[in-house]
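What follows is a set of structures to go through.
Shared between the two complexes below is subunit A, which has subunit B as its partner in the first and subunit C in the second.
Moving on, here comes the complex of A and B:
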């Protein structure tokens, strides 16, 4: 995903430079070849649940221009519903994971107390919580908390390791110059964990996106791209089902590109790279 | 230092704006008070009692025993039974793949025969509520559905197990369901492009009425002559005949399926969440036969190209809209959320039909 988005970023930046004509050619050959193989395979198999690319294309366009007969909304509505849940879950996880990671990394007592609980919960796949969260927390907060869990652990770990990997020389230098605990934390530890936070955000975005699609598949309020897939499967509208998968691919690509871009921008701005 | 504080301020402003937009979006969720609207949300029947209890939904449409489960628990009450909306409507059917009917019709006839005998046994047990057989029936249902015998007792009395042969009335119902799906635009392709002249022609092709006569000729055997993979729905007591035919005690040591020489298995031991999901299992090629609602069959034979035929009726009626106790009339569901097993199921279709008959627009919750 990141490689693909990186290559697209490069392509946009240096648009049509001589060196990149080759890259562009590869992308075109690769994608056209993929669609051709798909088309031939789908024509040969001729099964309802393996539609040809033209049917999926029509369904893709229709999903944006027409209300879905089963869901009663357009793809925009579903994308908005998913993004709303995603943003809420991600923000909550960010607000919780960064302080917890910073505190655990800085205090041995908190580290010792919180680590057993975190190590107990970390290996549980976020999706494992789907059935119970939907009942216990309802159709909005259920999926939101699944994203929360998906984002919280990688982000918290990244922050924690960021604090742990602060150059001891910097800490000593700060201490010799008479910096207090708070100054060291705010002026040395916090700034040097920013790149780790960004890495955590990038990983969290990827996992969070997978979580939202899976969580919505069981049931979600206001639709959502994951629920769109479930409904198309239930009624057997397979071209629309594939169109939903295409939407998820595009949104996933957009999310990772965006976080990659922000990470680079921040790193350049703060002078880490 | 000025730079740093500006950056922090910017971050704070962005967070506040995002939170405000989210809050606004959340609050404007279900806000169509001047319109006759009821919302739906997919909730598995087994979870509807809990969802009604915690206020996630105000009512739910489900199959037995989950209707009476909610009622007896005091969580809700029946707002309307399915037979009050569609009198004597067929519900679950027994289907077999066309390949089984072509390659081994004897196996399908044997399963159908065991089902016919099991239904007859059930009718007799239900007619004699003080008999040992009735107690056995309740225990079989309780064990399968995870509900008490009291719940199963009520469920059995709210579901019709009168016949196994598909009648002309059932055929008309199937045509009605097909027409309803057409008017709801649920067919991804027009049924005429699939080679049928119309709903009646489609239903005639879909129902195999000849296997019933063949099943009545089937004799019991002392060894297994066929292995058949059969699908069913999670905890669904409409499909009670399958449980009875699988039960060794009912058959006096050997189950009815085995008495007729059939070894029955299921790739999904917990059952499928709804009829459409079971149709997908047919598409995946893991089922030879299955118990499920007629509407998902009617929908997905067209949309998914699943090649199955309806060979028998399993039950009539036995679904209901269960509402929270505070809701005493359907009109009070205005602006509220109703849980259904999901699009494509008979319960979903029933709810859409009834709400529209009463002048309501039905929308997905949160839209």
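Moving on, here comes the complex of A and C:
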């Protein structure tokens, strides 16, 4: 537009850039410090199940480039197997949790009827279902439903809370504009809950990821990152075991930060922030 | 007569019995009139407006809009809120078109109508902005346009400029008078600012503290735009302030402290 607004823009970018560099510096210092302490501790302890970072790094690279002798596939195969279970379980949970949350938030009767059941099941750790699910549902659908349980409750609660926290002034505004129950639901309640749904997704992704690894460690056929860990423990390949943990950390970080990014983007795009 | 209120009475349940918000309230509003309802804070002025809007129902008494009993909210009464109450996920244009969508008006026609009101409130060039990108004054322009887009019989304004800074507030008062003249709408405007009421109204209804009754009615015949620095303006403001002060002083402490 004008020169003044241009220079303001530049100033904003500059200070924003500076802040980013600072954040990045902290991240680097923190991680380098962590690896150094790990290295020193592992060297001092000098025990086979506590390898130094360089050994883990080599095992990490190897796991992607070479087939694992026991499992017969590379890490890519395990990641793919885990992600397939994860995505299936997550989508099923999403499809179930969003409508249930919306209905419970909107109807006092449904809220009253479903709440006792939900409050009964919610405190059960998803992992507690592993033994029965593996027998009843098998090695693919078993872990899938563990994820379902892990994701369903936080997501449903977030949606429910979203419906309950719709700004009452917006409801009044819609009513004075002639909106009936259905229009209010579709044009006010539903869009209002979008940020809450996104928060629920982010929390659900984190919990779901923990569930899949745990479920696979207890039993999985056809690979999986969790299964990889169990196998490496059995054969005593400790650097590879740590490499598997690093893979889990990186994938978990990627999924939650991606969803965090989408959450922010969508909120800004929809005009909430 | 566009609005007729007869023997209106409203009580709210309380832990120990009930609280009378409005009592023995009678008011007739002529078409095209600009009525300000002025009262100490905590009196039932917002409740009164919400009843006209149909958002609350009276305990007893009659509310007639153009001869028909008001029973629920409807687009024949446009409401402007102090908190703006814009839909954050909708653009300026989409906010203004909300009521038209409810009425299932075709998109082309919606656009023509919304453009007319965008022009009227001076928001040209901001059609695709979202509320969070607008200043308070601009937000309320959207609020006014959204209320008018339904072509209501009456415009209900609940302290619409209460959240704005002093300069913006004065500008918006001027703008509102221009819009009022151009549209010829009947306006019922709630405020606790004497200055605002004297600047805007044809008639000022001063309410008592709870339970709200009409304390006094002032008719203002002087030409608009009114000069805030004039002796006439100052005298009227002083007179009304005096009436309001009596109300605040005469309120029992226990109630006032609530």
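In the analysis below, the second predicted complex is superposed on the first by the 248 of 273 C-alpha atoms of A that agree within 3 Å, B and C clash if a C-alpha of one lies under 4 Å from a C-alpha of the other, contacts with A are read in each partner's own complex, and residues count from 1 in each chain.
Basically, a residue touches a chain if its C-beta (ideal position, glycine included) is under 8 Å from a C-beta of that chain, and two chains touch if they have at least 3 such contacts.
Quantities reported herein were computed from a predicted structural model and do not represent experimental measurements.
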item	value
Fit-or-clash call for subunit B and subunit C when the two complexes are aligned on subunit A	fit
Touching partner for A:81 - first (subunit B), second (subunit C), both, neither	first
Subunit B versus subunit C as contact partner of A:135, first or second or both or neither	first
Contacts of A:222 with subunit B and subunit C, given as first, second, both or neither	first
Touching partner for A:235 - first (subunit B), second (subunit C), both, neither	first
Which of subunit B and subunit C A:101 touches, first, second, both or neither	neither
First, second, both or neither for A:260, with subunit B first and subunit C second	neither
Superposed model, subunit A: greater residue contact from subunit B or subunit C	B
Minimum distance between Cα atoms of subunit B and subunit C in the superposition (Å)	8
Shared subunit A contacts, counted only where both subunit B and subunit C touch the same residue	none
Sites on subunit B touched by subunit A in the complex	15, 18-19, 22, 25-26, 29, 41-43, 47, 50-51, 54, 56, 184-186, 188, 274, 276-277, 279-280, 283, 299-300, 302-305, 342-345, 362-367
Residues of subunit A that touch subunit C when the two form their complex	167, 169-170, 172-180, 183, 187-188, 191-192, 194, 270-273
Complex contact set, residues of subunit C against subunit A	53-55, 73-75, 77-79, 81, 83, 85-91, 98-99, 101-103, 130-133, 146-147, 150, 156
Contact footprint of subunit B on subunit A as seen in their complex	47-49, 69-73, 77, 81, 84, 87-88, 91, 134-136, 138-140, 218-223, 227, 230-231, 233-240
